[in-house]
Amino acid sequence: MTTGAAKSASKKREPTAATMAVRTAAILFVFVIIFTGLLSGAYLWTKPALEASAAEEKMKLINEVLPRSAYDNNLLKDTVTLPASPLLGTDEATTAYRARKGADPVALVFEAVATDGYAGKIRLIIAVNADGTIAGVRVTQHKETPGLGDYIEPKKDKNKERPWITQFNGHSYASTVDKDWRVKKDGGRFDFIAGATVTPRAVIKAVRKATKYVAENQTQLYASQ
Amino acid sequence: MINREEFRSIAHNGIWKQNTSLIQILGLCPLLAVTTNMVNGVMLSLATIIVMALSNVAVASLRNFIPHEIRIPVFILIVAALVTVVDLLFNANLHELYLVLGIFIPLIVTNCIVLARVEAFAAKNPPLHATFDGIFMGIGMLWTLAVLGGLREFIGGGTLFSGIDLVFPGLSPLQLLPADYPGLLLAILPPGAFILLGCMIAWKNWVEARAAQRQPRPPIEPLAADGTN
Amino acid sequence: MTHYLFVLLGAVLVNNVVLVKMLGLCPFMGVSKKLETAYGMGAATTFVLTVATGASYIIDHYLLIPFGLEYLRTLSFIVTIAAIVQLTEMVIQKTSPVLHQVLGIYLPLITTNCAVLGVPLLNVANKNDFVESLLFGAGSAIGFSLVLVLFAGIRERTDGADVPQHFKGVAIAMVTAGLMALAFMGFAGLDKYQ
Amino acid sequence: MEFTTSPYLLKNASVQRVMLQVLAALLPGIAAYVWVFGSIILLQLVIATVTALLAEAAMLKLREKPLGLFLSDGSAIVTAWLIALTFPPLSPWWLIVTGTLFAIVIAKHLYGGLGQNPFNPAMVAFAACIVSFPALMSQWPAVGLQVSVADQARVVFGLLPRLDAISGATPLDTLKTALKLDEGSISVTQLLADQTVYGFFAGRGWEWVTGGYLLGGLFLLWRGLISWHAPTAFIAGLSLFSGALWLYNPAQFANPMFHLFSGGAMLGAWFIVTDPVSGCTTMKGKLIFGFAAGALAYLIRVFGGYPDGVAFAVLLMNICVPIIDHYTQPAIFGMKDRS
Amino acid sequence: MITAIAIMALGAVVLGALLGYASIKFKVEGDPLVEKIEAILPQTQCGQCGYPGCRPYAEAINKGEADINLCPPGGMEGVQRLADLLGREVKPLDAEEKPKAVAFIDEQTCIGCTLCIQACPVDAIIGAAKQMHTIVADLCTGCELCVPPCPVECISMPVIGENLDNWKWKYPVIELKKVA
Amino acid sequence: MLSLFKFKGGVKPQTNKTQSVSEPIAVAPLPSRLFVPLHQSIGGTPQPLVQAGDHVLKGQMIGAADGWISSAVHAPTSGSVRAVAEHIAAHPSGLTTLSVEIEPDGKDEWGERTPIDHGAMAPETVRERLREAGVVGLGGAVFPTHGKLTASKTVPMEELVINGAECEPFITCDDLLMRERAEEVIRGVGIFRDLLQPKRVLIGIEDNKPEAVAALQAAVAKLGEHFEVVAVPTRYPAGGAKQLIRVLTGKEVPAAKRSTDLGVQCFNVATAWTAWRAVAHGEPVVSRIVTLTGNVEKPRNWEALIGTPLAEFVKLGAPKADTNGYLMGGPMMGFEMPAMDAPLVKATNCIIAGSPTLFPPKAPEMPCIRCGECAKVCPHELQPFEMYWFSRAHNFGKTQEYHIFDCIECGCCSFVCPSRIPLVQYFRFAKSEIWAREKEKNAADQAKARFEWKTAREEREKAEKAEKLAKAAAAQAAKKAAEAAAAAVAPAGNEPPPAGEPAPTGAPSTNAASANASPVAVAVTANDAAPLDAEAAKKAAIAAALERARAQRAAVAPKNTDHLTAAQAREIAAVDALRQQTGLEAAPPADNGETKP
């Protein structure tokens, strides 16, 4: 009897599940409105800056492989979609950027993947001039061994004057014979760092195949919308 | 408001006595993951300090309106909103650093320190105290991250302040050891982070033990102690 | 099929959340003093993390992306996770006191486990599909539990060792974690075939 | 009386005696090593031993433990020798020193020294160094190197530049690199036909060294210092995996003999997975430990990022030791039918 | 911005309602932690912790009202075990650890007032009014609660020394310190 | 021939037995003083029956067995009691124990001896006789022999194993006993056989004692018994009861069980001999054969009186000059005697004079390298290094996971350890810590239960008082109501609740069992018979509390005794017996409720 009384007393003090649900929901609702509002405000405020920095980031990369002075169009707007291709090493469609000076095609900037790096895929961005020569190559992503295979990144390359990756500049699929697209150890023309030959081999192979792809598809690439 | 004594105790707690990284062993993920160099560590700490100070203020001011049952979701909501704001700011203004720090900026939300302080301090104290608590806890975290980051990059590559160019574009890192220093890469990799933090904790234990050994003595020279203060 | 197996194994071993990705370190250090508690924490985390990755995927793909609200990811993910955790706790406490005895004290800790938010965010970053997301979540959780339990085993043993005074406790545990991370580097490269 | 409790009679055994026998068991392998790769290894053994003893002495002094007792137990020397034998013989001196310091100070003494380390110190040294200095750690001199010992010593002490000509990848490494070459340009069969790489039944020259270790291991077995479980299981694990893949595609995967007698497999089987301190202690545990270590070593060798997987495999299994031991407790007297 | 707020608000309402509902529906009484804490306390029921018995002290610890180092009979070991259970810092005991003792009634002096019987929390004293009282040593927890009420001060607390029944083998290690 | 089994592990230390077997057993001269400890066997400590100044005869009982698991103590010779006081014990602790000091009168005069014919008597009488005669296990454990002479009710008795292995180095007392008194030994075994009715009797003797084997075989043949005398391989600890049972029968007795549960029982040969003397000659155990060997000029076996001070005994062997201490028992399991005036006791089978050459000082202990040697030799197939690791770290829970209570402290592990770790000592340390904790925990549980009971009782008393007042008021109210509305029955029916209400509160809310039990009782009584209410409630509460106490004990007891070893079980049995004796066991609620005025 006492316990029953205590129970009903405590019931009076404590809300039912339904009222509690409503109350909690309401409070959470208010807080969410306030803080999501705050957040959305911040987002709208920074949005232009965000977009700018995203574009800037892309441009910065492109500028590394293709000098800004070489073209005058807005690359980021003049794109073409490349389907997945074994020559590019890609397994999904990628975007290529077309640099033009006036109406003339200047260069094509696109992504390629070296699939057989020492520790997985090496992602590259390559700029190929309209004449088929390479304007520049940069590594965008890789998992090669730090301190050994990572010299393909200019930042990690001990040779600051002429980083390894710049060796490709000027080569083209047409002018460089197959045999030369190898590291010196294998009888080719490219340098390497002893003890880490797998990485350069992979990059060289990927670049060669990519230039081949461009050479084969050049006209469509510049033409298509 | 806040008196000198309280302020000092809050500062001492945050920076040394209740140091999040060395004593509470909280907030380890950023502590270990982003300290591949000093700059990363410092910048992430700054972001954390901002979040902590703001969320402590917010919770301390709103604490009376938050029912107990849903306090955790509300705290998290507040922290997450603030973190996202900081995230957006980093993204807009320090984009490259933003890329380096990666998911560790959003992860400030789950940084146990933030929530722990909110729960343990802000929810029970007035806003001003809470703000200082947030700031000093953050400073405690900042110096450990800075030291750990510095140690790691120094041992790992002989440099200091690498990555400074991402924050102040003009500056360049210091190369402290000769360029042919081979670099103990391990220090920069995860194992090095754990082991060096272990050593830092042992160092802190050692300092405390030494201080404890000396403590019983003070009565002998109270004047000198006063003089130094 | 093998692809999914690789995703799972990759998440458990090669990209172990704790030792390689460095997430969820606080519970890793905090709840590994005893084997028993490590099992409890592992089980609780595995459950929540798997559910959280699924829920996050759904929120992301059916609420945020359609409305262009990607910037609300952190906010919505974490609030959902916190709610899941709290609900789970309440339900377990009521329905299975035994299970609550085992998992109860760990559940609240999970909200502040970086892995629980980090893994859904990584899923987004890696553009994983639903099954991959779930497998990655489950794999990470298993990886977390695995190293947590193994770590607890070692810590129980080193408890009895004559560790130098200042290294006793957390410091030596950190060193142990470091050596475990070193060992796990041996898995590096094993995921490139996936 | 000096003695306090029973038993008052003790067998004549000591840690020192155990360790000395392990050192003796390493001698045949070292002899073969000298014969194949030249006597420069002796210099490395000395460097490692001196460093190990100095580091041990320093740590003992810091920790206020009796120096004489522990320095003379010989365990640091065993660790030092194993480090020297697993590092490339032309490693610069500081590499061996760094590795040894890492082993003795971090892997051993931070845990309280002899007998208390959960990880194998020598393997910690190897792993830490190969992670930090992959280039230096994967270059071995060619067999039958025509460089004087004096010049080699100069290389070790950095007085002569490291000549890329005198060192190259190990047979295991060559094999692994070949796997990554252009579509089928070199098959394993071709590679193994190459006399500069392949000797009688394994990597050229390596077969003798590893044979020496096998001999030493059998000596330990005969003396009762190790049990057969771990080595046998290790060899079984390695052979089973390599054999299966070899049968599946002999053009791509080398035969088990090659794997057993190249790299650190034999040293691992007889001297490393048998480390009593960091290994499993129950018989079933030893079988699991050995088998898993063998299998992991193979997987890492062939598919992983490092040329030899023994060190990582052993460390990975060290992590599992407490749990394995916990779940493989033998049934005790009177409880057998119950379990 | 509006969609953002709308979507989040929707989520908030759903989650809030769920949580609020669950917090009532799945409410449980009692706290198993108190039991665990109490199991560690020595059950001497002496009140030296400042609480009327071990159970109230356990409840106070659970609520965070009391520190874990207040129970002298539990000793440092008790503090250690509480710290382990609760994940709190080990603190030195807030009093001196006393050697174990049992009460002893000087039967010559005892006047049989029964005051000590009423004081003893574990009924370790037997005897009837106006008769000599005796302490059952096996049941006495040594809490000393019976000492103050005795009007003729006939209760003393002799320390139990080491004897063959409670003798323990000693820890064998003579710590190896630097000899040389 | 019987096919033998093997036990795992074991070691072969040098036996050193030949020194002390060249001479026959001699009777030791009367010492000038005897110190007879009252507590000489497992179980209850005998109550002293004599006082200072009493004159005693040889064989007169001076300490009466206390409880069933306990054994009487007797005067070893005639003389006068000088004191019943604390005297240093033959125990490693060096502590004292209550002992009877006797000054022999030199007459060595026997008291009354009443031989019985055990064949003609009820088994209980024979067991009682053994208890009265102080017959205890002389193999080392000194467990009262009569306690081991009841066959299990469920398992038929298969084998009786007689332990003549004597596996420890140096000791030869059983060897000589078997050689010289083979017939009496066999007759003693006959008593055990008659009491236990086993299918077979196996006598195991290590094969390095061919003379003893021959002597026993001859005696068996002569007496026409069907006992099998078996030579077992010499390997320490082949004489451990469980090892010998294993070797002879193939059965493994787990620590948690008694050997009778497997239909086996084991006795030492000397125990059999004393049993025969006690039954057939009425002679209680007042002396035993003790080997005196080691660093002495004249090693040999002596029949010495219990209570002989060590100093007087060792003179018989003429210890060499460099003797630096004396061991009681063998070098594997014995301990150093704490003082020269410590007495010989029933458990003293051997005294070894030690010297630095015989037992060189131990080299310093090194850390364990987990080499596993100790596990290889452990006859119980334990993992000593794990037990050591956790004992060292004071992690006693873990030591129990590794079955520390299965360890028989044989010392094989310490013997082989290359790191020279005193493993056994770590185990003893851990075991005594665990026991101490267990005791503390039991005391705490008991205190808690009693405290709860007391609180409940006080509350109930308070409630009763309140109830009395309420009832008086209610009676008045009822009267008034009856007067006011004579026809109305309903209000009266509604009235009782206020009166009945305090009853449930009388049952404390902290206590689930009584809270559940008492309302039922109250519900019945409260409405029907108001006057009986208080009585009934009280009774119900008492019954409930009793029930609860019983339930609690039932719930707790099995938990605590689950993983007990024989030794622990013994300890508990002793305590239980004591409790029963003092009548405290059943005490808690009921007694106190009544003693309270």
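Each chain gets a letter, A, B, C, D, E and F, in the order it is written, and its residues are counted from 1.
The rule is short, and it goes like this: a contact is a pair of C-beta atoms (placed from the backbone, for glycine too) under 8 Å apart; a residue touches a chain by one contact, two chains touch by 3 or more.
Model, not experiment: these values are computed from the prediction.
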Report task. State which chains count as neighbours of chain D and simultaneously of chain E. Result -> A, B, C, F
**Report entry** Between the pairs A-C and C-D, the one where more C-beta pairs touch
**Finding:** C-D
**Report entry** Mean-CA-position distance for chain E and chain C (Å)
**Finding:** 38
Query - Between chain B and chain A, distance of the C-alpha-averaged centres to the nearest whole Å - result: 32
Report task. Indicate the whole-number Å distance between the mean C-alpha point of chain A and the mean C-alpha point of chain D. Result -> 42
**Report entry** Rounded Å distance, chain D centre to chain F centre (Cα mean)
**Finding:** 53
Requested in this report: Note the residues in chain A that touch 2 or more other chains, in rising order.
Outcome: 20, 23-24, 27-28, 31-32, 35-36, 39, 43, 118-119, 147
Report summary line: By the touch definition above, chain B meets two or more other chains at residues 69-70, 73, 77, 81, 84, 88, 183, 185-186, 189, 191, 195
Query raised in the report: Where in chain D do residues touch two or more other chains at once?
Result: 4-5, 66, 69, 106, 112-113, 116, 128, 131-133, 305
Query raised in the report: Contact residues on chain A for chain B in the complex?
Result: 20, 23-24, 27-28, 31-32, 35-36, 38-39, 42-43, 46, 49-50, 52-54, 56-57, 146-147, 158
Report summary line: In their shared complex, chain A is touched by residues of chain E numbered 1, 4-5, 8-9, 11-21, 23-25
Query - In the complex, chain A residues that touch chain C - result: 35-36, 39, 43, 117-121, 143
Report summary line: Listed in rising order, the residues of chain F that touch chain D in the complex are 7-8, 11, 13-14, 92, 169, 242, 246, 252-255, 257, 324-325, 327, 329, 331-336, 354, 356, 359, 361-364, 366-373, 375, 379-383, 385-386, 402-403, 406, 409, 411, 414-420, 422, 424-425, 428
Query raised in the report: Which positions of chain B touch chain C when the two form their complex?
Result: 25-29, 31-33, 72-73, 76-77, 80-81, 83-84, 87-88, 103, 106-107, 109-112, 115-116, 186, 189-195, 197-199, 201-203, 205-206, 209
